[in-house]
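The structures come next, written out as structure tokens.
You will see two complexes here that share chain A, one where it goes with chain B and one where it goes with chain C.
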Partner chain A sequence: MKRILLLLTAVLMAATASAQEGAYSPDSGLPYWAPGRGEVDHEALRRRALVVLEREFGAFNDATGHLAQTAVAYCDAGAPREDLIAAFRDTWLAWAPLDSYHFGPVEANAAALTVNFWPDKKGFVGRALRELLAQPPEAQRDPATVAAGSAAAQGLPALEMLLYTEAPECPAVIGISAYLHQTAETLYADWFDPDGWADLARAAGPNNPVYLSAAEFTKTLYTALDFGLIRIADQRLGRPLGSYERSYPQRAEAWRSGLTVDIIGAQLDGIADMIEHGFAGDIREPDRAWVLQVIGQARSRMDKIGAPIADAVADPAHRIRVEGLQTKVNDIRSVMAQDIGPNLGVDTGFSPADGD
Partner chain B sequence: MRRRDFLLTTGAGLIGSAAWSEAGAPKLLAAANDASKRAWLVALDQNAAEVFRLPLPARGHAAAAHPHRAEAVAFARRPGRYGVVLDCPAGREKARLDLPEDRHFFGHGAFTADGRYLLTTENDFDKGEGRLGVWDTADYARIDDLPSGGIGPHEIIRLPDGGFAVANGGILTHPDFGRAKLNLPTMRPNLSYLSADGRLMEMVEPPEAQRQNSIRHIDVDAQGRVAIALQWQGSPLKQVPALALHQRGGELHYADHPDTARLKHYAGSISFSPDGDEILVTGPKGDYLLVFDGRTGAAKGGLALPQASGVAPLGAELAVTVAGGLVIRQGGGFSRVAAETGLVWDNHLVPV
Partner chain C sequence: MKHLLIPFTFAASFGTAAMAADLDAVIDNYADIAQAGYEDSLSRAQVLKTAVDALVAAPGDATLQAAKDAWLAARVPYQQTEAYRFGNPQVDAWEGKVNAWPLDEGLIDYVDPLAGGNDENPFATANVIANPQLALNGGTLDAGKITPDLLRELHELDGVEANVAAGYHAIEFLLWGQDLNGTGPGAGARPASDYDTANCTGGHCDRRADYLRAATDLLVSDLQDAVALWAEGGAARAEVSEDPEQGLVMALVGLGSLSFGEMAGDRMKLGLLLHDPEEEHDCFSDNTHNSHYYDGIGIRNVYTGRYERIDGSVVEGPSLQDVIAERDPALADNLMSDITDTVTALSAIKTTAEGGMAYDQMLDPGNHAGGALIQTAIDGLTAQTRNIERAIALLGPNGSGEGVEFK
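On to the complex of A and B.
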């Protein structure tokens, strides 16, 4: 293991060295531009960011495909339940980074709610699931039945309720998983098929119906990362934390399966991924390194909570650590606003063109 | 028992309140931000010159002017929650609308003709329902709330007969998702008509092909005909009308314009000219203004105007807020009025 690490380090050093020797590479965004260069290659950034997005939407597509197969194998062929649980977990963690990118195909397909109906303050998921379970078995396993029903029974929280309560798992788990896979396929296709959203972003310009310049796509990405951080701080952590007088363990996302903290970790990793490999060298090296370091600090605070979020918020000793993580996530937002936004030259200030 | 009083009472009370003349006789109100990003409600007189500006707690959207008293209510931009009542001659905040925890404003409101009540468009976001808040303007206490007739009620206007029209945009949003739109594939906007006492009288929905064309900002002419500025939420590659017209009892009439694409699927504000001859539709995203014939809806040209945002009658003309000032539409032409630089207008211009 140590040898592999050493080897990797050597390869990385070689790569860095060759980039430093060569001319500026728009693909890698290397070498990092010097402080004061003051220009961002938005087209190169877009090219790299689309690679990151394609990988992440592809991973979600693959995970849901595997989940759908595993559900059939579990219900129809007696495959081990652990396989299904593992596939469910992988699917949710593959979705986590995509929660930040609520624009384009995700918005057009209303996927934020169909994939992850949360927060569910009025118990819509339980009600919708009961309606699905009242259908004949053949209908339950048919994704068309799920498609025709409520969004609350089309995604991960409904699957979780099936798998972590006394509800009969089969064959509804087949229908929901199959529908979730259809959603993932649609999202991937709407993004990356010819004439999809990626092509729309590539064609940014004065006559583009959405992006008047490549810089506008950069702004969309930057805003999306900020949105993801708000979702972590205010919703994923803020909802279960409640107030000092009262915490709300069951308001934690995925509290039944205990995936809460892993989802937060996966979303943070996704944000770091976009900064490191998408924004890459088009943000100055010290700024990029610093924001990644602060994200790393958040990750290590997360690892030190030492209990599932739902339990941790209710226990004074652990609660402080959850609050500490929330503070750190807000710190990431400040660092982004202070260093990364201005660095990218994206104006997130007031404009009547923001619309309403 | 003040609840439902709204449905029963008539008549105005004008006890000891200043009239608009005492506040410099403003004709228009608009939210704006200055260079240091502070938010203001700015009032303009008949020459489009600034008469006063009052600070707002955060970014504003539209406002509503009391029909008799020199009071303006400025609303937060969604999903903001403030509604401040400004005593304009005194230059201070008079009251703040106390919104229930599970609501936010959509940024628009309208007074009843007698000025006794204020109606505000609101999101009951955990239920996903549009509501209209009813506030007693004696002390701006909340006395009731009514169904808006759809999801995402945006602009509400008073009609010549004292009733109201509500643009239910159809778009589901929730503050947990910021400003994200959550139901685009299934959205169903509508235009709803309410009686003067808030009862739902009529509702018209778009045909299937226009279902994703959000009904968002509206104006009415002297005959009660409603003009709608639309915001397309479907595939950005499609070209769809930015204007629809409606007369009570009829269907929606969609009006094409050769320059519609210049608006980038986003019609901002809309206004009939005072004589009803023209309709102006602003496009702050596309930096463009569309002109339509007020009676037929036929295209009458357009103009590139950076940050064309709010539009409202000013005397016999129409005023449009643009980057660096205003533009006046008069006699088929345009003239420019410069305003203090550094002020950026927000989306709407509201007549006093």
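On to the complex of A and C.
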């Protein structure tokens, strides 16, 4: 114990020294603030976080644009089906990191539901899709038809059901993809156009309708990452896991396409991305390195499951690895709560996970 | 706000003895209002039980209507107690017994073949009333005699949340039946003869009557448990009183979670986006406008420390609002004004529904005025959540809300 303390002291002293010697870079947030300084540069953090978010929302916008074009090429011009499947996969993985950020434009546009209506506890996607497929072909390919219908037929699970069941893919796949792209464009614009949510966050202050200080935006981001981890542990893993006596393979997200585990990986990567490039130097180096290391451990447990989640939960030999991943994701939450939140001086706020 | 257990806790860190005494008084009043709310819910449930017995003894339009009226009246105090649910683990663990929702009602009784199935739930159309034996994971479940114990066993059968065998919504379904009008006018229209063993409609009228009585008995006994949780020496009262600072935060967490994740999200936004009347809270009786409204009133009760009981008497005392006002008057005012705006928005939904446009009609994608009414309430609930978060940050130990344990 004494040795650890000594080591820690050395690290702290080095940190203090480097903060004094090197010029602080607001872009990287480095060198990190000396511990005990008691201040976080929330404005610098916000600047970096918005770069991360703009990149991720931009990637989703690009992926949906490509998907919409590919759907038309597949249905109308006989383009290979593999192209459509690949574009569908890329779109879902581009959405995965954004699943954590259920606030601002995502909340205002209810995009968490329209893009990815999941979990679907009462078979809404199938029912909504049957209604869409009952429309004339010209209406099915029109995003306006999709917009006017149920949210359950507006996004990725509806596309998956079209692509991985006997349901006729064309032309509904065109209408849903086009609407999904419209949603992605709206999200990007509502975030990053002038007077969008990014500008609202930049204008944090006593008269701001949402963020009374820059620290409140930090709190929102921190809550969002915790929410993303809850989504992975309790829903993406917990729902199919059920109990040892009774697992629920078909409650796994995207079980038909087998994308379940890739989605979890992409969401974890998104969380790591925000910590590394958004929070960056405004959390202390050892804490940041540690949480990223624990996320890496979760990533490697995930890679070792060796079977699709839907199959793994029902098989005792594989199930234990899924449980191990779930434990590790909860470990990330604990590390965040113990090290990252106090570092930033924020605690989690309310999230959609607070309902039931 | 979903916290993991963190292996350290904060000791009470601020305040003089005088201030601590004030906080105790605020918490006492908070718990008194809870106790009064559950007592009122219990007494209305007992009235419902009498009405149900009368219906079963002499099924007819008048006795059915009287039972429905008693159910509607029972919802008024109960919904106001929902403000106690999410912040108090004792209540949250108990709540599913009485207000679980949404349900696959086909577990209980006959349903329209096109409006009852659910791929995720093998028991979505099990129809216990018609089937004394149920196949369950290779074995059989004996439902020969319908008792409160059987309903407990059926509740969340096979780990599926939609298998709601008991509680307000199960009783609601047994009184009203399915509402098959979609987003058009009209609620469920179960005939009284569904309980008439001499001229039985719907089949198995004796078992349906047993089911209704068992579910009502269970509701009464579950509400007795809730009263006990908040009475002097009860576990929920003890938990908030132990550390009054943490108790205040628990109270605020209850308000924020109900406002945002539950009401604005699960109960309102989802139905609006799906345009699906299945997703309205009181979908059989078309009483959703009242359920939402009294949730809003319940939030106001807790914040202002004042509850008007069903007999017109008032429980009141030092409030969360008072504590917040002492430390940040502007925040206290802003939160009060948010809560008032939300109650106004919920009241507009209630008035409109009472004027003839039921909540499920507001979900029609073509009904822009109805959709806007719901959206306004969602926006109000979301806005008040932000100031509730600020209040938690203000009141939490060290003024940071840090280290608070719940869920």
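The definition used in the following text is that the second predicted complex is superposed on the first by the 324 of 356 C-alpha atoms of A that agree within 3 Å, B and C clash if a C-alpha of one lies under 4 Å from a C-alpha of the other, contacts with A are read in each partner's own complex, and residues count from 1 in each chain.
Going forward, a residue touches a chain if its C-beta (ideal position, glycine included) is under 8 Å from a C-beta of that chain, and two chains touch if they have at least 3 such contacts.
Because the structure is predicted, anything quoted here is derived from the model rather than measured.
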With the two structures laid over each other on chain A, which partner does A:148 touch: chain B (first), chain C (second), both, or neither? second
Applying the document's definition of touch, where does A:109 land relative to chain B and chain C: first, second, both, or neither? first
Quick one: name whichever of chain B and chain C touches more residues of chain A. C
Would you sort A:242 into first (chain B), second (chain C), both or neither based on which partner it touches? second
If you stack the two complexes on chain A, which partner ends up touching A:353: first (chain B), second (chain C), both, or neither? both
Does chain B (first) or chain C (second) touch A:210, or do both, or does neither? both
For A:200, select first, second, both or neither according to whether it touches chain B, chain C, the two together, or no partner. first
Show me the chain A residues, by the header's touch rule, that chain B contacts in one structure and chain C contacts in the other. 107, 110, 113, 121-122, 210, 212, 230, 349-353, 355-356
Once bound in the complex, which stretches of chain A touch chain B? 102-103, 107-110, 112-113, 119, 121-122, 195, 200, 209-210, 212, 227, 230-231, 234-235, 349-353, 355-356
Given the complex with chain A, which residues does chain B contribute to the contact? 33, 37, 59, 61, 77-78, 107, 126-127, 154, 176-178, 180-186, 231, 234-237, 261, 264-266, 268, 284-285, 287, 307, 309, 321, 344-347
Contact residues on chain C for chain A in the complex? 1-4, 6, 86, 102, 104, 117-120, 137, 158-159, 161-162, 256-257, 259-262, 265-266, 269-270, 273-276, 278, 365, 382, 385-386, 388-390, 392-393, 396, 400-402
Of all residues in chain A, which touch chain C in the complex? 107, 110, 113-114, 120-124, 126, 128, 148-152, 210, 212, 219, 226, 230, 242-243, 246, 248, 250-251, 330, 333-334, 337-338, 341-342, 345, 347-356
